[in-house]
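Note that the chains take the letters A, B, C and D in the order they are written out, and that residue 1 is the start of every chain.
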Amino acid sequence: MIKIGIVGGTGYTGVELLRLLAAHPDAELRAITSRKDAGTPVAEMFPSLRGRYDLAFTDPAGADLGSCDVVFFATPHGVAMAQARELVDAGVRVIDLAADFRLQDPAVFTQWYGLPHSCPDLLAEAVYGLPELNREAIRTARIVGNPGCYPTTMQLGYAPLLEAGVIDPGRLIADCKSGVSGAGRKAEVNLLFAEASDSFKAYGVKGHRHHPETVAQLARLTAQPIGLVFTPHLVPMIRGMHSTLYAELTRTDVDLQALYERRYANEPFVDVMPAGSAPDTRSVRASNMLRIAVHRPAGTDLAMVLAVEDNLVKGAAGQAIQNMNLMFGLPEATGLEALAVLP
Amino acid sequence: MIKIGIVGGTGYTGVELLRLLAAHPDAELRAITSRKDAGTPVAEMFPSLRGRYDLAFTDPAGADLGSCDVVFFATPHGVAMAQARELVDAGVRVIDLAADFRLQDPAVFTQWYGLPHSCPDLLAEAVYGLPELNREAIRTARIVGNPGCYPTTMQLGYAPLLEAGVIDPGRLIADCKSGVSGAGRKAEVNLLFAEASDSFKAYGVKGHRHHPETVAQLARLTAQPIGLVFTPHLVPMIRGMHSTLYAELTRTDVDLQALYERRYANEPFVDVMPAGSAPDTRSVRASNMLRIAVHRPAGTDLAMVLAVEDNLVKGAAGQAIQNMNLMFGLPEATGLEALAVLP
Amino acid sequence: MIKIGIVGGTGYTGVELLRLLAAHPDAELRAITSRKDAGTPVAEMFPSLRGRYDLAFTDPAGADLGSCDVVFFATPHGVAMAQARELVDAGVRVIDLAADFRLQDPAVFTQWYGLPHSCPDLLAEAVYGLPELNREAIRTARIVGNPGCYPTTMQLGYAPLLEAGVIDPGRLIADCKSGVSGAGRKAEVNLLFAEASDSFKAYGVKGHRHHPETVAQLARLTAQPIGLVFTPHLVPMIRGMHSTLYAELTRTDVDLQALYERRYANEPFVDVMPAGSAPDTRSVRASNMLRIAVHRPAGTDLAMVLAVEDNLVKGAAGQAIQNMNLMFGLPEATGLEALAVLP
Amino acid sequence: MIKIGIVGGTGYTGVELLRLLAAHPDAELRAITSRKDAGTPVAEMFPSLRGRYDLAFTDPAGADLGSCDVVFFATPHGVAMAQARELVDAGVRVIDLAADFRLQDPAVFTQWYGLPHSCPDLLAEAVYGLPELNREAIRTARIVGNPGCYPTTMQLGYAPLLEAGVIDPGRLIADCKSGVSGAGRKAEVNLLFAEASDSFKAYGVKGHRHHPETVAQLARLTAQPIGLVFTPHLVPMIRGMHSTLYAELTRTDVDLQALYERRYANEPFVDVMPAGSAPDTRSVRASNMLRIAVHRPAGTDLAMVLAVEDNLVKGAAGQAIQNMNLMFGLPEATGLEALAVLP
C-alpha cells in the first residue's frame, strides 16, 4: 500500500483526490491537512465521503507527512514550494497540483504569480507531470508539477501536429472553455450560481497563467518559436473543459486522422474519436479520459482540434494519480478506470 | 415625476429596482448609495444598465436622500430602521425591502434577527406592503415593510381558504422552493455555481425568518391560531419561487376553483390558472405576476395550492414598486406590465 | 461470471446499467438489444462507453437471451411481461426496471397503465425488488419488479415510522422532486433544455403511476389503511431525487433519530444523516446511496423526513444490480461502491 | 397602429415576437397561424402570455393575412417563399425570420437547404435585414430576410475591421457559442435537458448554414475574397450567443478601440464596451442590445473581437421588430428599450 498524505484537502481537487483514491486498490490515506478546518471530519465537509473516510482534517503543523510515501499538494500556489524541501529530504515524493513546479523558469514564475520561487534548486529537478509527453521522467521523479487543466488539453491537442512538424508553431489559436469548478472552491461573487448560471463569457483576456506554462511546454516539441493566443471562457457547467485549437498547416498532404490515431494508439487516457466527430464534455465527466477529434475545415489549410477532459480529473486529481502510479511502478490506469457519468 | 432614492443598490434587489424603474414613466432616480462601492458607476458594476443609467453609487453620508419623495432600502436588515426616522421626519416615504418593518412585534424581530429594534414607534405605524391584502393602508403609509418572497406566496396562496374559513389554520404545511438569487449577492461557498448547480436540498430546517412573518400575517385572516410547517428548498435556477401549500379542508362542499377566481378577479398581479393546472416558474420570470392553481388531491380532504412568482419581482423589487404606485396615487400596474421572459 | 442480457439499452437506465456493470467484477454482458438501433455499437450511441464495450445493439428477435443467467429489462412498460415467460421457462432470471412486475394487482396495473397484464401468473410470483424491505424474497426470486424511483424514497423514508407504529398512515404527504433524467430519454418538447432549465414546476397533479405502487407497498408495513398525497415536481438538474415526507405523529415520546439509525444500521446503501441535517442530492450523485434525515419541526407533532437518491442508480439501475447481487449470492455491494461525484 | 400577422407562432421566435410586441405602442396583432395548433389559444400554449393575448392560433388557410400591414414568418425555411408572392401583391410587407430571403444566390440556397427557391424574383428584390449595415434599403423594402443569429454577431463583429481595411479577410476564424434555444422548439433527443445540460460541445463541424450567409454578407464589405472558419458550439444556457472572432491585422498602427467606438457611436443597439472588457451574455439577456469588445492579444498581430447578443432578440425577433420600425418610419428603438434581465 502506498502511504498518502494530502495537504489542503478542502478544495475541489482535494475532494476529488479523496473520491478517486477511495477506488484505488493500492492507496492508503494517512493524513489530510487543513489549517482552517483542522478537526473537522472530511465526511462532515463533504457528505459524499460518508461511510468511507473516518479521518478528520489535521493541522499542517501536527501532521506526520514525513512517514508518507507521497504527498499531494491540493493547495493554492506558494504552499508546496515552502514544504517540498523537508519532504524530499525525508524521502517523501511530492506531487503538486498547484503551479509551484510547473514553470521551470523561476523568473517567469515570479512574473505570473507575483512572488519569488523559494526553492529554485528543487524546481530545477522537478518533472512536468504530463504522462503522455513525459512518461519516463515521471517514473523516477521526486517532485512532479502536475499540469494545469487548460495546458493539458492544449499540449495533448497540439502535440501530434508539432511533433510531426506540419503546422506553423508561431500562429496557434486556442479558444478554450471551462466549467466553473476550474476556478476552485472560493467564495467570490463572480462564481455564484446567480452570476455564472445561464450565461457565458470570456475571461482573463489580458493574460492567463496557463499561457506561459503551455508555451514553455509546447516549445519542447519544436525548434521554432511558439506563438499562442489563448482565450479562456467560462461555461455554466460544473465540470468539463473543451478546447478548440486552430493551427495553420504547413503541409497539407498529411492524413491528420491517421496521425492522431497513431500518436495515441497506446495511450490509456487519450481517445482519438472517429473522423468527423465532435466530443462533448459529458462523455468524460468524472473520468480520467481525454477525448480528441481532429478536423480540417473545408476550403482551408487549417487544422482544428477539439479536445475535452474533466478539468478535475485528467485536468487535476486524476492526472496526479496517474503520475503516482507511474512513480510507484503500478499499472498506469490503476484506480482510474471508471467510465464517465452520462447523462 | 417621483424622485427616488435607493439605499444599498449593489445587491440583486437593487439592480432589479433599477431595471424595473427604467421602464417606469413616472420615476426619476436621484441617488443610489453604497458604502463599499461609492464612486463606481452603476453601469460598471451591472453592464446590463449601460446606456440607461449614468449615475454612480454615492456614499450614504453624502447622499441627499432628504430631497427624494421615496427611498427604497435594498440593504441587509438593520439599515432601514437606523435611517427611517430622519427620512420620515423630512417627509420622505420609505419602502424597506429588508425585514426591519415586516414583523410588527419588536420582540419577535429581536428573537429572529438578533438585534433590538431601534425605532419601535415607527415600526408601530409601518404598513405591511402586500397590496392584495392591505391595499388601503399602503396608500397612505409613510413606511412600508415590503414582504419577504416566501411569505408573499404563502399569504396569497392561503388567503382565500382562510378568509372563507374552509380549512384548519392549525395544520398548514408549506413546502417551498426558491431559486438561488433569493439568497442574495453574497460571496458564500454554498451559493457557488459548482455547489448549487445540478443539486437540490432543503435548508433552514431548524427555522427560517420568513416563518414568524408569515404566521403573523396569516393570523390577521382568521380568529383561530395558526400552525404552520414551512420547509424552504434551494432549486438550481436563478430566479423563481414555487410554493406547494397543503391544508386540511374543514368544509368539503366548497368549489375551490371558483373561490380563488372570485377572490382574485380584480387583481392585476394574481393570475388564477385554469382548474387542473400546474404553473411553472418560468411563466412569471422577470415579471410581477404571481400565478396560482388550486387542487383537491383525489381521495383526500386536502386543498393543495401551487403558487409561483419571480422572487426578485413580485417577491421583492416589483412588489416594492407596486407599493410605490399605490402610495403616490398612480395606477397600480404602472411600469410593471412587461410579460414574463419565456423561454 | 454472471452472464447478462439487457433488453432495451438505449435509454438512461440502459446506459446506466452499462456504466455500473463495467465496474462489476462478476458480470459479463452477453447481449444488449434494441429494435430501432440494431447494429449500432453501444459506444457509438454513448461515447462515454468507448474503449470498454465493443458490442453492438442486436435485434431482439436474434438475441440469444436464453443462454443468459439474468436479463434486465430497461424498456417501456409492456415489454417485459411479453417476454418473461419464455425466459423464466429457460431458467433465466428476470429483473424488470419498468412497471410490469411492480403492481401485484393486475386490475390496478390495467387501470394505471392502460393495458391488460399478459402474464398474471408470473406477476403473482414476482418479487418487489426493494432489498431493505424484501431482502430474503429477492434472493430466490425468478422475477423481480425493480421499484420506481419515487417509491424507493417514499418507502425507505416512511418505513421506520410505519414499522414502529408511531404515525397516522392515513395522512401522509409526500412532496417529491426529481431531476429531468427521471422522465427518460424521450424526444418531448417539455423535456427540452430550453423548456426545463431555469424553471421549476409540479406535474402529474391529477395522478402519477408511482402513487398506487407506493400505497400498495406501504400497506404491507401497517394494518391501517394508507392515505397518501404524492406531489412530484421537476427540478432543473440531470440526476437526483429529493423527497420531503410529512407524517402526523401519534406518539410523540419517540426518539426519531435513534429509530432511523437503528432501523438502517446494517444497510449498506441507506445512510442516516446526523440530527439536524439536510442532505443534498449531489451527495449521492452517480452512487447507489440513499441519504436520509429525520426531523420534528418545532412546535408541531409532525415527523418530516428528507430522503435523497440518484434516481438512475438507487432509483433504477443500481438497485437492479443490488438485486442481482442478492439473487446470485454475491456480497450485496459488489460493484456498487463508487462514491458520489461531488462537485 | 401597424396591423401585424405572424405565420407559425409556436416556436421560440414566435413567442418572442409576441412578448416584444406586447410592449410595442404601435403594434396590433391581427392574426397568428399554426397549422398543427389551430384553435389553441396562444396563452394556453405559452402561459407567460396570459392576460395579454386573447387570440388563438388560426389555420393558415383561413387567416386574413392580406389585410395586415406586415407579416412575420416565424416558420421553418420553405414556408415564407411559398406565401410571399401573394402577400406582396396584396401590398403586405414581409419579414422572414427563417432563411428563405437571406441568401441572395438561389443556387447557394438550394445547396444548403436542399430545395429549389420557389420565387427567385422576390429573392432578387429582398433586402438583408441587418440595420447597422443596411439601414436605408430596409426602410423601403417589401421583403426583408432577417439575419441568422450567428451571422449577426459575425458581421457586426468584423464590419469595422473590414470597412477600415485593416485585416486579412481571407483568414478569419469565428469561434461561436450559442444557448440551446437557438436550435428551436423541436423535440429532438440531443436538445433534451438531460443531454445538453452540464455539458459543452462543438457541432456542425462539417458545415453550418450560417456560413454561406455570413461569407456572402462580409463580401459586401471588402473587395478581397473572404475566407472564414466558423465553429459553432452549444452552451448549456437557454438564451445567449457569444462569438469570439479572430482576424490577422494587416495594419498594426490602428487604434482598434477608437475604430469600434466611432463606427457604432450612433447605433442604438450596438454597445462598444470599454477597452479590456469581456461582455457576458447575461448582460444582454432578453434585450435587443449587442455588446462588443475589441482586443489585441499581447504579443500578436491579431485582432480579437468578443460579441454577445440574445439569440432570440437581436439574433431574431428583436431585430425583426427593429426592421419593422424602420420599414414603417417609426423611431428605430420603439418597443425595444427594455433592459437586460440580470441576474
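Definition applied: a contact is a pair of C-beta atoms (placed from the backbone, for glycine too) under 8 Å apart; a residue touches a chain by one contact, two chains touch by 3 or more.
Nothing here was measured: the structure is a model prediction, and the numbers come from that model.
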item	value
Most distant chain from chain B by Cα centroid	A
Pair of chains joined by more contacts [C-beta pairs], B-C or C-D	B-C
Chain centre separation in whole Å, for chain D relative to chain B (CA means)	36
Between chain D and chain C, distance of the C-alpha-averaged centres to the nearest whole Å	45
Inter-chain centre distance, chain B versus chain C - centres from mean C-alpha coordinates, in Å	39
Residues of chain A engaged with two or more neighbouring chains	12, 179, 181, 185, 194-195, 197-198, 236-239, 279-280, 282, 285, 343
Contacting residues of chain B [partner chain D, same complex]	12, 15, 18-19, 22-23, 46-52, 181, 185, 197-198, 238-239, 271, 273, 277, 279-280, 282-287, 289, 291, 312, 337-343
Touching residues (chain side chain A, partner chain B) in the complex	12, 179-181, 183, 185-189, 191-198, 236-238
Complex contacts: residues of chain A adjacent to chain D	173, 175, 177, 179, 194-195, 197-203, 205-207, 227, 229, 231, 233, 235-240, 242, 244, 246, 276, 278-282, 285, 293, 295, 297-300, 302, 304, 306, 308, 343
